[in-house]
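Take a look at the structures listed below.
Shared between the two complexes below is chain A, which pairs with chain B and chain C, respectively.
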Partner chain A sequence: MNYLQALTEFARAINEPNTANTAISPATQANMTVYRNNIRLNRANALKLAYPTVLALLGEEFFMAMADVYTQSTASTSANLHQEGHLLAEFIAQFAPTQAYPYLSDVAQLDWAMHQAHYADDHVGLSAAILAEQAQSLAQLKLLLHPALQIIESKWPIASLFAMHHGGAKPQDLYRGECVLVWRDQYQIIDAAPAAFFLALMQQLTLEEALLAGAAVDAGFDPASSLSLLLEQQLIIALA
Partner chain B sequence: MNNKSILLASAMVAVLAAAAQPALAADAAKEKCFGVAKAGANDCAANGHACAGQAGASMDPKEWKYVAKGTCTEMKGMLKAM
Partner chain C sequence: MLTSLPLCAGLGLRSPHIQAVIQDQPPVAWWEVHSENYFGGGAPIAALEKIRANYPISLHGVAMGLGSSTLDSLHLKQLKTLVDRIEPAAVSEHLAWNRLNQHAYADLLPVPRLEGVIEQLSERINLVQDFLQRPILIENVSSYIQFADEIYLESEVLAQLVAQTGCGLILDVNNLIVSQINLGIDPYLELAHLPLKSVGEIHIAGFELFDGVAIDTHGAAPTPAVWQLLDVVIQQTGPIPVLLERDNHIPALNELMLDYQHLNAHCAAIWQGAKP
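On to the complex of A and B.
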């Protein structure tokens, strides 16, 4: 058996307890269970840290049982446990025991966006002065935004549900959707027009096209506060 | 002025106004250190078990575990029948 075969067999034995595992000696076979359970528990604990709102909504026992099914059915794609759980929102959307909580998958998306934003690469934001120098050609500029910036849109009040687990009140109306702009360790509920504006910028459309995308949603769209937010929070990292 | 001109003018005013403000000192609270984990995520204790142990115990899913005891039970009464 070469090294690659040994590793492959070892990896299979982690996922399939009943398969033959000649990669390790008979004396240590029994320790595979310990090894296997530690992997499962470490992955489940990583999910707990990435999805605090989902954890609070379901409770510890439900969450850990679900996490175990998820990690069993979803191969880990990174050696970095901070990247564990990138498919949990999709998993929750089709997992039978969570069907009673239709908002849960979208809440998971927001948890994941906050988690991603926390660990996104650092970039220095452009100062407003640099953008002001380009004032004459503003319309045709493309703004490259910070990679932590994301938009999550839901027909459920996901930001209110998130806030509820960070000291806020219970949402008044469970059927009032929310669109949330997420960046490093912060978020803000935004209207549909700014959301269209930000999405257009993320898709590398010109500022003019992004402004029109916002106005197409709401004729009264005023880009001033959206642009101020991007500049104040240093979320524009380059111009093109 | 047409709508496009108004939008661009508003955008330009926002940019110039931001540029006219004194540069904000970077918010120390938002500064990020590489390799530093979120609160509670960085110590071995957060794993809840000794690295050597956690043997044996069956982690097979059981139906009774899927009874939510978290805050979604508070939201249950707000859900309309689907």
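On to the complex of A and C.
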């Protein structure tokens, strides 16, 4: 058996606990459980860190039981534990025991967006002065935005549920949807017109096209506050 | 030079203590952190840069999986970015694997010590060292299983890797004791095969027993057997960086500082010729 064949046998011994494996010495074969447990616990603990609101909503016991099913049914694709759990929102949407909480999958999306924003690469934002230098041609340019910036839209009040588990009050109306702009360690509930504007920028349309996208949702769309948020939070990282 | 760490005890830095270390600047000669916790940007690396301003830092990787079927190029780029920003005194990884094809396993899996292991690992270590433009240290791991027909001791593989790549080693004395309990290996035979001149750092920690299996939790104080092995090793190496690691049941920083000071005084006494 060569080295790569041995890795394949090792992986098989982890993945198939009930199949005999002649590659591993018989005396130590029972200890494969240690690796299975370590992997399961490392992944479940990473999920707890990435999904604090889902954890708070479900409680520790329910969350860990769900994490077990998730980690058994979903292979890790990255060895970096900060990437663990990228499919949890989809999983929650079809997991029978969480069907009683129809908002939970969207809350998971918000948790994941906050988690990714926390670890996104650093970029220096452009100043208003640099944008002003391009004032003549700005409308025809694309504003490249910080990779931490994301939009999560839900028919449930996901930001209010998130806030409730970070010291805020209980949402007053559970049937009012929220659209949430997420960036590094921060978020803001936004209206549909600014959401369309930001999404157009993220899709690398020109500033003019993004303004039109906002106006198409709401004829009275005023981009001033959206643009000043991007500038103040240093979220415009380049012009193209 | 394999590392520029101070030749004395250092301490593993974990998230519950980061703010206190920034604010209080406790008297620790150097800190070791897990590299992956500082990949990307934002608050984690900003905090580490503050700490780096006051202390030497050792970047210890736990997830590169050098022995995997492929190298993870994104991981390598993130590590390079981190090394460039922190300018660490040491960079290290484990003699372990964690990925096969598209499937990752979040643990330090021991490499099968079979035909091809040395070629595979030395090619990878050369690639990493070329990319980072510096030597790295490779650590022996705790093992729970053995392959049926292994042809090398772990220390024989490590010695070959040193010879073929110029890398250095981390000698984790706790891991030798854990593997001794679980697999019956002889820690002193392993020591006899290790090129001690290439050991750039020693690790010491504590394991916990579950159902007769020693699990490398770093969740307890080092056992007497671990201390004894440490003494034998550092008498031979002379002054060398010795890291105390704690990853579970993490005590308050002032309590951990007592363990650190004890280790530092213990090592200094041995190097001054006092019997342990």
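In this section, the second predicted complex is superposed on the first by the 240 of 240 C-alpha atoms of A that agree within 3 Å, B and C clash if a C-alpha of one lies under 4 Å from a C-alpha of the other, contacts with A are read in each partner's own complex, and residues count from 1 in each chain.
Keep this in mind: contacts are C-beta pairs under 8 Å (C-beta built on N, C-alpha and C of every residue); 3 or more make two chains touch, one makes a residue touch a chain.
Please read these numbers as outputs of a predicted model, since none were measured by experiment.
Student: Looking at the overlay, does A:203 come into contact with chain B only (first), chain C only (second), both, or neither?
Tutor: After superposition on chain A, A:203 lies in contact with neither partner.
Student: Touching A:132 in the superposition: chain B (first), chain C (second), both, neither?
Tutor: first
Student: In the overlaid three-chain picture, which partner chain does A:19 touch, first (chain B) or second (chain C), both, or neither?
Tutor: In the superposition, A:19 contacts neither chain B nor chain C.
Student: Go through the superposed model and pick first if A:10 touches only chain B, second if only chain C, both, or neither.
Tutor: Only chain C is touched by A:10; chain B is not.
Student: In the overlay, answer first, second, both or neither for which of chain B and chain C A:188 touches.
Tutor: A:188: touches no partner chain.
Student: In the superposed arrangement, which partner chain does A:77 touch: chain B (first), chain C (second), both, or neither?
Tutor: Second partner only.
Student: Check whether A:1 is in contact with chain B, with chain C, with both or with neither, and answer first, second, both or neither.
Tutor: In the superposition, A:1 touches chain C alone.
Student: More residues of chain A in touch with chain C or with chain B?
Tutor: In the superposed model, B touches more residues of chain A.
Student: Pick one for A:140: touches chain B only (first), chain C only (second), both, or neither.
Tutor: neither
Student: Does chain B (first) or chain C (second) touch A:34, or do both, or does neither?
Tutor: A:34: touches chain B and chain C.
Student: Same chain A residues contacting chain B and chain C, which ones?
Tutor: Dual-contact residues (chain A): 34, 38, 42, 82, 118, 122, 184-185.
Student: Could you please specify the touching residues of chain A with respect to chain C in the complex?
Tutor: Residues 1-4, 6-11, 13-14, 22-29, 31-32, 34-35, 38-39, 42-43, 46, 75-82, 84, 117-123, 148, 184-185 of chain A touch chain C in their complex.
Student: What residues on chain B touch chain A, complex-wise?
Tutor: For this pair, the touching residues of chain B are 3-4, 7-8, 10-19, 21, 23-24, 26, 30, 32, 34, 37-38, 40-41, 46-49, 51-57, 59, 61-62, 65-72, 74-76, 78-80, 82.
Student: Where on chain C is chain A touching in the complex?
Tutor: 36, 39-45, 63-65, 67-69, 72, 75, 97-100, 102-107, 109, 111-112, 114-117, 120, 144-149, 182-183, 213, 215
Student: Contact residues on chain A for chain B in the complex?
Tutor: Spelled out, the residues of chain A in touch with chain B are 33-34, 37-38, 40-42, 45, 49, 55-66, 68-69, 82, 97, 100-104, 118, 122, 127-129, 131-132, 135, 138-139, 161, 164-165, 170, 174-175, 184-186, 207-208, 211-212, 214-215, 219, 221-225, 227-228, 231-232, 234.
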